[in-house]
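Worksheet: one structure, shown below.
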Amino acid sequence: MEEKYFEISAEDLKKFVDSMIKDNFEIIAPMDRDGDTFYGKIGKFDDANLDILLPKMSYKEYLLPKTETLFEYSFSGVDIDIKDGIESVEGKNRKRVIFGGRPCDAAAGPIMEKVFNWGYKDDFFNERFKNLTIVSIACEKPDDYCFCAEMQLSPESSHGSDLLLKKTGDKYSAVVVNDKGLELIASYLNLFKEIAKDEFPPDKDWKKIFEIEKAKSFLDKNFKHNYFQDRFLSCIGCGICTYTCPTCHCFDIQDEGDMKKGKRIRNWDSCQFAIFTLHTSGHNPRNTQGDRYRQRLMHKFKIYSEKFDKYLCVGCGRCSRNCPQDINIKEVVKDLTELASA
Amino acid sequence: MANIDEKLQKIARDLLESKEVSLIIGYTGGSHPQRMRPVFITKPEDVGRLSFNRHSVQDLAVFLKKQEVKKFGRIGIVVKGCDEKALNVLMQEYQVSRENIKIIGVECNGVIRQDLADKGETDLSENTVYDKCLMCGEHTPILHDYLIECADPQISMSGDIKPFAKIEELDSMSSEEKDVFWEKEFDKCIKCYACRQACPLCYCSRCIVEKNVPQWIDTNFGKIGNAQWNLIRAYHLAGRCIGCGECERACPVNIPLMLINGKMARSIHDLFGYKSGLDVDAKPVFGVFSESDFNDFIK
Amino acid sequence: MEDKKEELAKTSGDNDPRIIAFVCNWCTYSGADLAGTSRMKYADNVRVIKLPCSGRIDPMFIVEAFKKGAKGVLISGCHPGDCHYISGNYHSRRKYAIFRNLLGFLGVDLNRVEFSWVSASEGNKWVHIINEFTDKIKSLKNGSNDIFKK
Amino acid sequence: MKLAYYPGCSLKGTSFEYEVSLLKILEVLNIEIKEIPDWNCCGASAAHSINHNLSVALPARNLAIAENGGYESILAPCAACSNRLKTASYELKTDDILKDKVVNSLGMPYAAGIDINNMLEFLSGVVGEDKIKSMVKKPLNGLKVASYYGCLLVRPPKIMQFDDPENPVLMDDLVALTGADPVDYSYKTECCGAINSLSNPDVVTTLTGNILYDIKKHGADLIVVACPLCHSNLDVRQREIERKYGEKIGLPILFVTELLGLSFGIDPKDLAIDGHMVAADKVLKKIKEL
Amino acid sequence: MSRIGVFVCWCGSNIAGTVDVEKVRDEASKIPGVVSAVDYKYMCSDPGQNSLRNVIKEKNLTGVVLAACSPHMHENTFRKAAIKEGLNPYFVEIANIREQVSWVHDDKERATSKAVDLMTMMVEKVKRDRSIDDVKVPLHKKTLVIGGGISGIQAALDIANGGVEVLLVEKEPSIGGRMIQLDETFPTLDCSSCIMTPKMVEVNQHPNIKLYTYSEVTDVSGYIGNFKIKIKKKARSVVEKDCTGCGNCWNVCPMHKNVKSEFNVNLSERTAIYVPFPQAVPLIPALDRAVCLHFKKGGKCVKCYEACGPKCIDFNLQDEIVEETVGAIVAATGYDLIENSLYGEYGYGKYKDVVSGLQFERLLSASGPTEGLVKRPSDGATPKTIVFIQCVGSRDPEKGVPYCSKVCCMYTAKHAKLFAHKVHGSQSYVFYIDIRATSKGYEEFVRGTMEQDGAIYLRGRVSRIYEDEGKLIIKGADTLSGNQVEIAADMVVLATGVIPKKGSDKVAQMLGISYDKYGFYTESHPKLRPTESSTAGIFLAGMAQGPRDIPESVVSGSAAASKILGLFSKDEYEVEGTIASVNEATCVACFYCRRVCAYNAISGKDIKDRSGKLIKVVANVNPGLCVGCGACVNACFSKTIDVKGFMDDQIYAEIRSLSV
């Protein structure tokens, strides 16, 4: 469908959200907790913190939960009873809304969707993704860790959002990207005022400090470059980068249970863990943290892009902000582009 | 400040030039002026990168458990008093040998909490440092081959702030109330194991959570799996944790891990009179016993 | 939080709680055998798991037993000084003391965990401990409302 | 090093000679000590027989004042004072619960870190034998001096950590520095009767008599002490003892600081030697003739 | 896939009366992996065992669970039956449904459900059982005895007489130890050297005993049956095989002043080349290089060499290391006396006439410095009054040791008695705390000292001793009369307490045996294994274990000997295979396992690559020493070590199999 443009006052936005909550929507928004901000279910509009640049974690877990039960089984004697986990996927009623996320987080959804539908179609992911409506708010002031512009997005990108809001003074301009977005506001149209496309504030010119293609060209040719081993001596393999990343999506499948019953689950996993590639023999093809960090760079900036023509990174900068040893991916990618030129 | 850096650099240069060590682990400037990051210097000409200040929060001893770092053989390491205690435990537990390590001790009167530093905090005061700094008993590293004196003044204490006061608060709660508190905290856990990875003393090559015959710890990120993980982590560090607080600092979801570690340290001290990391020659508290150990809880 | 309190209120004592006992082979298991040969009677809620020595009884077994749904866990070995393996019970005693503090700090009701020294000649002590512990577990209002509840 | 000085009551009263001679020799030695401000009673022998907490809190207050004043070391010339200060410090170092209680009651912080010296430890440890030796201008060659230690300096050994508790020699070593000959005898640490002097003088004359006659038998010219109470018993009761046993003693009792002062060539008057009961005239004359 | 057989025993009505055995059997048959479930009246009977064996054979079982009586009753019976059918015995597990179910519960339904639970647990355990082979350790039938005192000598003789080769290692130039220093022995007053010397000679002449005097054990490795030891023979400077013991050398040695005789406890001098005492065994002198003029003055003095007929003095002899392999070791390192100088108030060292008990033995001894005449060390005068002080160091937690030294009461009574016999008209005073005289004839002996020999016993302590006009003034308390006493005496004898031999802790560390906080070696069990150390194959004897008198020392030496002869009566030492094992891939060598192992069974092992380069060190379990207690498993953070027969996954399976 054609994009549609609206305007809504700050006051009406609050009404919009509070009405949705009253109408049994589950609204996931940035919320303050323990001195930080995380996504969480809000009980009212005022619970949300829309001033924060980015919550500490992405809202990945609403697409790929930390732990997902694929199926459950139980024994009675030698008979086995199996229950499919898809039956209990939550949010089927299409009433879950991510509200107040940023364009980078929103862009992560379609990036992950490609993985979960490449060859095997992952019902669990698709069921959740289909039922999630995403209302994002454009960033006004990205910080030094942000590099979405370099990642072919921008602080104002609507890519991946169903509805994107831009704050202009004390009101918001809104662009409805698709039917899902339109459907969401359909019942609340009285709060929105449709405007013409040219009344919608144009995107600013966001500066880039490197060209990501150059980084890829370095990665293409330098698998064994010393840079990786030297630079990531300081990596302790904690995996925070992957767990806070909106696009990292690796998981591990485990069986849990006893002699009577059990379940097969999949849990988040991280390529930064030594055990991730450890073979039964004891051999580990990615034996150093340098190897493992390189893998993350390769996957994000080379392997994924070769398959899907996009990068597996939205430039949100979470991995840098949260790294306990201050490894800054923006610096790292910039290093790669410089090495490519050297 | 510059003075400290110069001294550090001089020591590092001498050590590298004389080939007494092949690697120096230290601090250098980070993503922004209030952040420091680890740096690994192998060439004398690079020592200019070394620096130290009140933002040097990391416990660099954590790197000594990395195979990639061990490969260097003889290593020089910059440590604060708290970090040095980790070296002592590593030596007690045969993970590091004294001959292979040159300890460049830096006197420290506290480091600024990273969450505040990220917001621009630069003042060193009782409101800006970690709780561990407020009750630090080892401003000067216990063992050191070199010692660089402190540039920062001692923090004055108003008495209003009681470090780890939450421990006493929890101690006074009923088990239901404690349960409610911890269930909420553990619910946040995303099992990234950053607490483990950031810990200088979690050096097992195969962590117990990675052992699956039997599956000691549930793999799920649910209530039980998370609680089990946090329990075993605390238990395995009881009597060993030296309170550097790296686990809590690393935790991306802000679980107050130092409450548990602190409680364990207190219990160990109360029951066995032992404090971890103070004496490299001491026998670890769970490596010995006394016939007169606490027995009241046993019928 | 509210839900939880309600849940707590609803849970009443358990009439047939399961108790898992981890015991050493030489003292407590023999003590339990002695209770049998002496035909003493005691509560049948307990399931005994035999190990060589209390030195072998890992505190994490307690957690596994809770996870499986046990309402109470008993650990029992030789009296101090009597360990068949010289010092196994001494080493474990340190661990239990700390692990118990840890469980308590994390909100586990410590009434659910019992430790005892029962010698091979103390069949009556075994009976007494099992009966008393079973009664205690039965009387707990919120039998297993903690992080390891089923 | 900043040195604090805790005089206690004796040095301001009955044993003023001790303080006078101390300050005089320190002047000569060019060592500065500062009397701690607002000091209070150490509790002496009374407090600890009545209230244990009080017996620790009283000395602890003096220690805390000194410590908070930035002093690293404190001198308590009186043996009873140094004994109480050391005992309090020891108890606070080894008992965290008591420490919490006491520090609370003091209303000021106290880390139990300050070093406590009795007079002999101060002279040989802080001042140093070399320095003392260098100041000896009038060597007391040939003078026979018996050092009497008494009990408070050495007991209980676990806390006092002073020399060999059964056979101390620290004071004898100081005597030797002056050129005098230390006299060995058997009653160095025997009881002088202490505070019984007031309630039960008969005990004191017996015990002190044993000490005095033994020293006399070993041919000493004079006795040095480092304890006001010892001094008082040996000095004040001497006439009475002579009467009781009908045998002359005539041994002057000097504080160790006075003896050092004499060897430094200080005028006996400036050392207040004329303040004692047993006159030291003969000895002073002997010194003069040396 | 497991093929488990479950056998439910009725034990007549003992089990079947309370437990529904058919129900247990039926429930068993429903468990995946169970291929046979039967019940039988008496499983332990011959027909019962035969049916068990038949099922093992017919169904080709991989595991057996018996729901029956306690494993302490019949586990062995059923395991033996399994072995006969070729099944590894450790695949047999017992669910105890008699002692712990039917005999202790009444409610049949609930008892049955408990029995089902216990049976199920064992099925899950047996599924995870691994084949375990018992460990057989070959025995090297030779014994090392460390220490040539009475207990070491007794052990050596008994073992040698049993036909086993013995290496007896003594640090001093002669064997004999403390006992040969003593004069007469309580309570019989037979002369110590009269009863000791023949034993010493027997040792020297015994074909099965190899004597190493002036030697020390410097290294011990290995384990029961196979200890590799190194003995350092210190350079004696005398060629032993040529020496005749004539004495010409020591008679000409110019160094006869200033070197105190250790044997006479500093009461006399000895020469640089010397035998410690005339009856020394072997009667071969040793040259003390630390004091010898030849070594101090650049080789000038060669008087002894010149005097020596067979020219067996060789100044160039070097320390020699002998390597041996033994199967068992006896540690009999003996004792020393507490340092008397701890008691400044007694003036030991200051007053010559204050002596220790051992010194007084030498003063009494006919072979001593005074040829048996009691004389004061200071002036050689005969003392008329002696004060004996008991418990010097013993029973004194403040300055000495808290324990009782056991022999002092008796030897003091003996001293007072002998003094009375030797010096007529003399008087003894004994200060004591309690009199402990509990063996045969001991109490009578002490009574005799008091009553016939007139020793005055004063119950109390001495506070101070000082010299006054040639007399020792002893000030003390008599707590029975409540009086202070002051005694003027000619001599004082301190009944000094005993402590372990200096350096015995080093020996213990070398042997890997444990010792208590005083340094006495600890027994494997204080009551039931009083002669075994905590380490298999190492036995204890004599005062090294704690204070004891001569008869007890002899008994302990013989006890150690009988244990060793028993051990060596077989060719192999067999230990159960249920021992710990290490996963070398995941071990990080923190060695908490080694710290908690009471059996010294864990050591470090180097893992090397093909080129011999060290990759890492890991913990390694010595099968000869491990007893499978599992303390190491509990200490291991990464669960890298596990104990066979009680593996972690088995215990978890037991827990997880329960129905709750």
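Annotations
Letters A, B, C, D and E mark the chains in the order given here, with residues in each chain numbered from 1 onward.
Here, a contact is a pair of C-beta atoms (placed from the backbone, for glycine too) under 8 Å apart; a residue touches a chain by one contact, two chains touch by 3 or more.
What you see is a predicted model, and the numbers here were worked out from it, not measured in a lab.
Graph distance from chain C to chain D, where chains that touch are one step apart, equals 2. Where touching is counted per the definition, the chains common to chain A and chain E are B. Ranked by how far their CA centres sit from the centre of chain B, the chains are topped by D. Using CA-based centroids throughout, the chain positioned farthest away from chain A is D. Each chain gets a centre from its C-alpha atoms; the one nearest the centre of all protein C-alpha atoms is B. The greater number of contacting C-beta pairs, out of the two interfaces D-E and B-C, is seen for B-C. Remark: chain A and chain B have CA centroids separated by 31 Å (rounded to whole angstrom).
Between chain C and chain E the centroid-to-centroid distance comes to 37 Å (mean Cα coordinates, whole Å). Rounded to whole angstrom units, the spacing between the C-alpha centres of chain A and chain D is 80. With centres set at the average Cα position, the gap from chain A to chain C is 46 Å.
Listed for chain B are residues 206, 215-216, 218, 286, each touching two or more other chains. In chain D, no residue reaches two or more other chains under the touch definition. Under the contact definition stated at the top, the residues of chain A that touch 2 or more other chains are 258. Screening every pair of chains for touch gives A-B, A-E, B-C, B-E, C-E, D-E. Interface of chain E with chain C (complex): residues 70-72, 96, 98-101, 103-107, 110-111, 114, 117-118, 121, 524-525, 534, 578, 596, 598-599, 627-631, 633-635, 643, 645-646, 648, 651-652, 654-656, 658, 660.
Of all residues in chain A, only 75, 77-78, 258-260, 282 touch chain E in the complex they form. Those residues of chain E that touch chain A in the complex are listed here as 30, 32, 120, 124, 585, 653, 656-657, 659. Within the complex formed with chain E, the residues of chain D that make contact are 158, 164-167, 186-187, 190. Note for the complex: chain C touches chain B at residues 1, 4, 8, 59-60, 63, 67, 80-81, 87, 90-91, 93-110, 114-117, 129, 142, 145-148.
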